[in-house]
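By letter and in written order, the chains are A, B, C and D; residue numbering begins at 1 in each of them.
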Amino acid sequence: MIKYMWAAYIVTWVVHLGYLGYLTARTGRVRREVEELKND
Amino acid sequence: MKAPGLLAVTRATLAKDLRLEWRSKDAINSMLFFSLLVVVIFSFAFDPTAEVSRKIAGGLVWVAMLFATIMALNQTWARELRNNVMDAYRVSPAPPNAMFLAKTIGSFIFVTILELLMTPLFVMFYNLRSIGPVWQLVVIALLATWALVVNGTFFAVISIHTRSREIMLPLILFPISIPAILAMVSATTLVLTGEYSPLFWMQLLAVYDVVFTTVCLVLFEIVLNAE
Amino acid sequence: MSFTYTPDSVAAVTTPAVSLFEITKHFGRFAALRGVSAEFMPGKLYVILGENGAGKSTLLRIVAGLLAPTRGELRVLGTGKLREVALRVGYMGHAPLLYDELDAMENMRYFAGLYGIKDDALCATVLGRVGLDAKLRRRVGQYSQGMRQRTSLARAIVHDPELLLLDEPFSNVDVASAKDMAHLLGVMRDQGKTIFVVTHQAPVMQPVADECIVITAGRLTAREKGIPRHLLSPYAAEVRR
Amino acid sequence: MKLKLILFALVTLGLLSYGLYMALVVAPTEATMGDVQRIFYYHVPSAWTAFLCFLINALASIWYLVKRTERSDAIAVSSAEVGVVFCTIVLLTGPIWARPVWGIWWTWDARLTSTLVLWLIYVAYLMLRRFSASGRAPVIAAALAVFGFFDVPFVYLSIRIFRTQHPQPVIAGGEGSGLDPTMAKAFLWNMIAFTVYGLLVMWLRYRLELAERSVEEAHAEKSMQEGA
């Protein structure tokens, strides 16, 4: 039974971390573009 | 010279849409053929007895109508996109809601005609005989059809300028319409099987119609000019 | 000394028909217009020239109220609320803005209705003005491009607008039709209408143009009386002979 | 700004850790359901945060339609996206709980189904935004959000009634039945932790949205300077 509990907790954090990773990637992309815009 | 009234433009636009449809018959033909296919294929798939078909017909009819409505909406709005005719309407002083009402009433007429044509086929293919009173089915059909076309028309305008708009329409229309679909299917099934009173679902549909017609009329102008 | 009385007619002449202040329009990462400011007096015929993608059509659509500018303000016929003056503005788009499945008269009747006009005789007269036969029962979809553009012009002027905005009215139109239309525009200007014509075919408009405006890459770069010779040539290439 | 963000993140991390500790260690094991019940400490706060996000989205959308400010639209996007993330978690953890307790993954229960419908509406919302031109997206998305807002009562009501006509699994021990005070505390802490976390992520997303828009703007300005 306890494996269901662990599954739920892990799933929750996998989704959250996945989303945070996605946000980080997008932020990185924006940063790079800002740099490029500054350089030209 | 003064700006034309809501009713006058609604009437003129509706007449124009009906005339266009009469000349091309795009919408009604595709809807009719599509529904016919659904009837035939589902009847193969389920091979229903009279008892079973009473239970599933409600869902079947309305799923067919839902998709047919989407087709009708895509057709009528495609006409407004051709030659950018919508721009001519938008620059005119005509009230935007007149266009909304005309399109909604037009689609309502098309879907109602389709329902009238399809009903005998459903009865035939599925050995349908309603246990509950038939007048209730008529009321349900009117309320349900309005529920489908009123939001459908609104979302057609939303999706008209998106990429791959023909797919976008069902994508946004279905989730919002879930309560209405649930109501129309349940109400129809209850009348056909005669198990319970469909009154609650009919009331729900009526309130749904009123609420969303209001929301549509309030927001349509904003959406039409969303550029 | 002060003026105590200004007749309406004087006020009407001195108010610009269209005034633009720092009009900017972005489409995502692309800027179509950037800071266009200008005033245009009524009763004149303006020709807007410029290369493809310079922002001419965008500007016209903004004045017509079809597009909202990203920044900047505009006043049309004395107001910033464009819907209030929709009755007095006519717009002819790049596409014909007509229903292909209807004939010319049916189209006219419908679009006149949008301006509160229920007058078949008037619709027929306007069709006559652009050189079309109101009794022709052919559907617009089967018209030649020249006839289609004439019908489209008729649609735009059916309510006798004070301000007329035309986007490429002569595209793919035969020279004879284009000349007829240009002449008609000249007549309308002489009746006191303000007319804007976006076009690549400057020579067609030269006999009737009061001023020309050049838009280059989203900016208003030149404004001249009439159409000077040097502006005729670069855009003249596309005129059919 | 940077410092505030780090502080905010640290506080959130602390709250989440404490919530986890309360949920796994402090709270007693529930008598009938066993450890599976501990899923609720994550499931319910996630649901609450998702609904909060959707509420913020609805308000921001209405605000946008009235005032047309860039920021209200940015809030609308951020809250919708974060709401979908939390809603996804609700929909994943729900069945994981249902399987051992009810013996089935899914049932057309009113709450589950309403959440699913809400998720569908907001996924449609995000897709609509993605598929439309940047000039139109804010307005039409806001309109869709208003529809979603008015749709929620209908969804809930219709599914509740629909459900009563269908066979139901026997629900052993509802969530609220005889809540132990320590359990209530664990609940409360996780509620706070996830709300704060939700707000943090929304804020990050909001900043990202504004940054992306200013980049877009800068590109437009530049395209003009280089101009044909």
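Heads up, the rule we're going with is that contacts are C-beta pairs under 8 Å (C-beta built on N, C-alpha and C of every residue); 3 or more make two chains touch, one makes a residue touch a chain.
The model shown is predicted, which means the values in this text are computed figures rather than measured ones.
Peer 1: Comparing C-D against A-D, which pair counts more contacting C-beta pairs?
Peer 2: Output for the comparison: A-D.
Peer 1: Taking the mean of each chain's Cα atoms, which chain ends up nearest the overall Cα mean?
Peer 2: Smallest offset from the overall C-alpha mean is found for B.
Peer 1: Whole-Å distance, chain A centre to chain D centre, using C-alpha means?
Peer 2: Here the centre of chain D sits 16 Å away from the centre of chain A.
Peer 1: Can you work out the whole-Å distance between the CA centroids of chain C and chain D?
Peer 2: Distance between chain centres: 50 Å.
Peer 1: From the mean C-alpha coordinate of chain A to that of chain C, what's the distance rounded to whole Å?
Peer 2: Centre separation, chain A to chain C: 51 Å.
Peer 1: Would you kindly tell me how far, in whole Å, the mean C-alpha position of chain D lies from that of chain B?
Peer 2: Centre-to-centre distance between chain B and chain D: 32 Å.
Peer 1: When you check chain D against every other chain, which residues touch at least two of them?
Peer 2: 133, 135, 219
Peer 1: Pull out every residue in chain B that's touching 2 or more other chains.
Peer 2: As it turns out, chain B has residues touching two or more other chains at 227.
Peer 1: At least two partner chains per residue is the criterion; list those residues in chain A.
Peer 2: In chain A, no residue touches at least two other chains, as defined above.
Peer 1: Across the complex, what residues on chain A touch chain D?
Peer 2: Residues 1-2, 4-5, 7-9, 11-12, 15-16, 19-20, 23, 26-27, 30, 33-34, 37, 40.
Peer 1: Flag every residue of chain B that touches chain C in the complex, lowest number first.
Peer 2: The contact residues of chain B facing chain C are 1-4, 8-9, 12-13, 16, 19-20, 23-24, 79, 82-85, 87-94, 225, 227.
Peer 1: Spell out the residues on chain D that touch chain C in their complex, using ranges where they run on.
Peer 2: 133-135, 216-217, 219-221, 223-224, 227-228
Peer 1: Okay, in this complex, where on chain C does chain D touch?
Peer 2: So the residues of chain C touching chain D come out as 26-31, 34, 51, 53-54, 216-219.
Peer 1: Sort out for me which residues of chain D touch chain A in the complex.
Peer 2: 20, 34-36, 38-39, 42-43, 46, 82, 85, 88-89, 92-93, 96-97, 99-100, 197, 201, 204-205, 208, 211-212, 215, 218-219, 222
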